[in-house]
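Chain lettering (A, B and C) follows the sequence in which the chains are written, and residue indices restart at 1 in each chain.
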Amino acid sequence: MKHMNMRRRLAALSATTLTLGLVASGASVLSAGATGSDGVNTSSKTITIGGTFPLSGLAAAGFQDVAKAALATFDYVNGHGQVNGWSVDYKVLDDCYNLGVCGAGKNTDAQTQALVNTPVFATVGSLGTATQQGEISYLKTNNTPQLFVSSGAHFWNDPSSNPNLFGFQTNYLAEGKIFGNYISSKFKGKKVGFLGQNDDFGQDGLQGLKNGGVTPATADQLTYNSTDVVFNQGTFRTSMAKLQSDKVAVVVLDTIPQGTKLALDAAKSLGFKPQFIISGVGSDPQTVNDTNEKGAITFTFFNATNATSNKASAWNAWASKVLTAESGKTVNGVKLATFTSKSILSGNQLYGVAIAAGFIEALNKVTANGGTPTRSNFVSALTSNSLSTPAILPLAYSSTNHQGLTGGYLVSVTATGQATGATKAVNTTVYSVNPTTQALTTSKLTNAAVPSEFK
Amino acid sequence: MIANILTNRIVNDIAGGASQGVIIGLVALCLVLVWRATRVLNFAQGPMAMFVTYIGMTQMDHHVNFWLAAVISMVVGFMFSALTEIVIVKPLYHKAEINPIVVMVGMFTLLEAIASAIWTNIPRYPTAPYSSINFQSSGNPTGLSPLSTFQIAAALAVMTFVAVLFNYTSLGLKLRASALAPEVSKLLGLRVSRLLTLGWGIAGAVGAVAGVVISLNPGGLSPNMLDAMFILGFIAAAIGGLDSPLGALISGVGIGVIMQLINDYWNSNYADMVAVVLLVVALMLRPQGIFTKNSARRV
Amino acid sequence: MSGTFKRLAWVLGGLVIAMAIASIQSGTDAANLTKAGAYFIALVGLSFLTGWSGQISIGNSGFMLVGGYAAAFWTLHHPGEPVVISLLVAIVASAFVGLVLGMPATRLRGPYLAGMTLAFAVALPYVPQSFAVSTLGGSQGLTITPLSAPQWFSHLFDTSTTLPVVINSRFTAMVSVLIAALVLWLMSNLFASKLGRAMRLVRDNDVAAELVGLHLGRTRAQAFVVSAALSGLAGALLVMVSGTASPSTYEFGFTFSIALLTLMVLGGIGSLGGAIIAALLGVYSMQITTWITNHTGLGPTSWVSNKLPNLAPNMENILFGVLLIVTMIFAPRGIVGLVSGLRQKLISVTRR
């Protein structure tokens, strides 16, 4: 009797494997299209790419705007002239940032594997340092380029071991150096304190600060764990109290937005009013949404965002136009954000437009004279051209440099709040740090024109 | 002299840690109330409290003042928790002890998702009735602000209410009886089923207080605002003993204070791990929690 | 003896079918099947501990982390050696951690054990992140070359029509299914063995178990070791496929422990067939919920979504939550229990 039970059990189990497997393979036959092995469909002239972002869960606030703005840009360009007759099919998948109880299946590994098997031409703009680092090896083995990773870590720039891996934003080393350079000229002799996240973000930021000539006293170099923003908020209070009792006048924060908010609030409750200098990653005034941020200096590689600069900068005006035109649409199953011509651009939205623009620029070069995109000619187009995006510096890769943007400039926070957060330029000096030599160069901020392919 | 004490570093840490700790203690208290009443570990305690806090606090957008919003949260919290017990928990009594856990995990996922759908993941910041700027003593900040004093007072008031209700009222006696010996209570004519529902309702109202109090912190009101607090609250409840409301509050405050002392005097990176180690050590020494009376399991 | 062979025959039959499916699948489904194999092993590990020995664990993601890191560490320092050795190292390492955690844990009951294992799972990712950073890679973790299809395997397919990516995914799917089948066979034997019977006695009646001379603590600790070893194997398998073990790997976080628990109960607690269903549910839950969303007029272009723009990305989680609650209330023995219940009813109807 017992054996009968076991047999039945196993029979049922084999049967379930069979049915579910068949359902799965049946579904796959239906979904197979005419797209080629590298995500390029030469008959419909469509190139399929993808990216993973947190669209739900606790990291979704703020970060989902990057994905949605990029999706809006691709959809807009597809509908407004295309790129030499080519359109881009951008698959945005939710990875929940590997956090939270989002239901099984929503994680970076699974979603990246789904993209690779679609197949996509490349992943573009996928977000997160730890999440994307976990995919380098897998994407490399499966010959899928990993483009414009949305993270400020320095290790995306490693062309000798990862020739198809490209970073995008100015890294934390460069940002730190630019802060250090500014502090040592503007706050000469003032005592400087530092609070940074206990990973490459904080470590590179501190190293950059030192490269820029500012070394906070050992007792004033403080760290927190990324999980402290929920598990151990008290650490921001003790950190600010330490810096206050050490009579620090300038505080550099390499913190994520929630950490920035906690640190600013702790300082306020202690009556501690130093000059705050906040990493661009953690300062977006629309995400931080904290009145105490007013007057803080931060770093950006986009034109300052406020009601007038949406019009003053040609790229910001174009980004506003795209987001307004695409407002509320549903593209590839993702509902885009509501945006009117009066809305103020957020840093995250400009970021999304910029990664899309970078891809479109490179695609434009590849397909200029009737060319067909391949992974290898696309990668060489990236490394041999200077690409224009909403960022104030061109996206200049080379065969030995896959960092992406190399600098930016300083802005101060003039208004905070979800819909009203805005910044203005501290001055018009643009700093750039060579990713190999760490040499700092300066130039003047210019209002770059939007290339003609962006209608 | 007093000024020195008030602005002393350790005293500040203890005060700051206690204001975090009372929230942990309140969450632990909810878990204990539910556990005592129905032997269910309410995994959805955090999201349930979050949800009703949203319902109450978003009324402030419609010119309802803070106190009324808080009362709305508590009333809705009571009703919502009682309704949850009736609809989805009752069918599971006398089933495997893991089943209610899974149902509450489902409730967890469901409520957080619904809250994100309605109110989005972007945090909201209800206007607090008190300032978060610390009291000053001779020009130096102390460890408490009007707001954190209010938060501690609210927790203590809830604790006192629960203690009085359970120990000094006949309703409390009935609640305890129906939880400890449901069969006997039934024979004595108590409407046990209704009393268990009431136990959940009280826990729901206490959870709403925890939610309202934490929504005034810098993190604000967001769908996941109580997730971390649930884990710490669970640790506190296990250390204190799942049958001891007082133990829950004491160990919650204890965890808050110890973490804050580690932040200040050791390394903040170890603070959460220490909470875990505390739990392990406490359970090694007292497998049923520190504040639970030793009761040998009878054969 | 004959029972063992019958079980083997059934497992082999199922294996052949699953392998055949794996060889004709699309890449995405093959990648999902790979994950499902690993999830199945982890689920059996949890099912053994919770369903058979009656100890609730919310800490099995921690054992997966140990196994994953052990495999990555070994592979990194012994490149070119067979994958089997990496997997064995992972099993040994996680079994050892299981023993260390299992010994004190045997004194704890119900929610206290749940609390302690949850704390273990919450705290464990901090270990590689904060300690031995030079050995374990800190927040970046360890990176190895992921498993890819060998030459002979690629030659089985027409490479002009089948992408290398798809061949890789099919290969990992087969490896994963093969290991899962081995685990299935071993566990179905263990279930019928003396240890299996001891486990059930300890779960159902610990007093009686002590009376017949079973050492309760030892039996419970044994369950922990077996459970940890299986979880470690599952973690190692995932790492060999993705090429990375890091503190932020989804399956190494405590939320995955909770996901495992819910999947196990949905499938049917303590049942091997239930674990198979649960594993497939785990990897296809998104597709299932998306399908339901789009076929019930709740998709992103629907009227409701226009009113609540944030509904669409959260719809899957809403459905997942509802599914858990409804299943537990109406089918507390999970899908396996529901199926066998329906069959019983069907039989009684036809006989009438």
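Just so we're on the same page, a contact is a pair of C-beta atoms (placed from the backbone, for glycine too) under 8 Å apart; a residue touches a chain by one contact, two chains touch by 3 or more.
The structure presented is a predicted model; accordingly, all values stated were derived computationally and were not measured.
In terms of which chains touch, the assembly is arranged so that all chains touch all other chains.
Ranked by the number of C-beta pairs in contact, the top chain pair here is A-C.
If you average the CA atoms of subunit A and of subunit C, the two centres end up 32 Å from each other. A separation of 37 Å divides the Cα centre of subunit A from that of subunit B. Shared interface positions of subunit A, i.e. residues touching 2 or more other chains, are given as 56, 60, 100-103, 198, 225. Residues of subunit C found to touch two or more other chains are 126, 130, 258, 313-314, 316-317, 320. For subunit B, the set of residues touching two or more other chains reads 105, 108-109, 112-113, 116, 120-121, 231, 269, 272.
Across the complex, subunit A is touched by residues 3, 6-7, 10-11, 13-14, 17-18, 21-22, 24-33, 35, 39, 126, 129-130, 138-141, 143-146, 148, 163-166, 168-169, 184, 188, 191-192, 238, 241-244, 246-251, 253, 255-256, 258-259, 263, 271-273, 276-277, 280-287, 289, 299-301, 305, 309, 312-314, 316-317, 320, 336, 339-340 of subunit C. The touching residues of subunit B, when paired with subunit A in their complex, are 9, 12-13, 16-17, 20, 105, 108-109, 112-113, 116, 120-123, 125, 132-134, 136, 141, 145, 217-219, 222-224, 227-228, 231-232, 256, 259-260, 263-264, 268-269, 271-272. For subunit A in complex with subunit B, the touching residues are 56-58, 60-62, 100-103, 198, 223-225, 227-235, 237-239, 241-242, 244-245, 258, 261-262, 265-266, 268-271, 289-290, 418. Of all the residues in subunit C, the ones that touch subunit B in their complex are 50, 56, 104, 107-112, 114-116, 118-120, 122-123, 126, 130, 207, 258, 261-262, 265-266, 269, 308, 310-311, 313-318, 320-325, 328-329, 332.
Within the complex formed with subunit C, the residues of subunit B that make contact are 35, 41, 43, 88, 91-92, 95-103, 105-114, 116-118, 120-121, 231, 234-235, 237-238, 242, 269-270, 272-273, 275-277, 279-280, 283-284, 287-289, 299.
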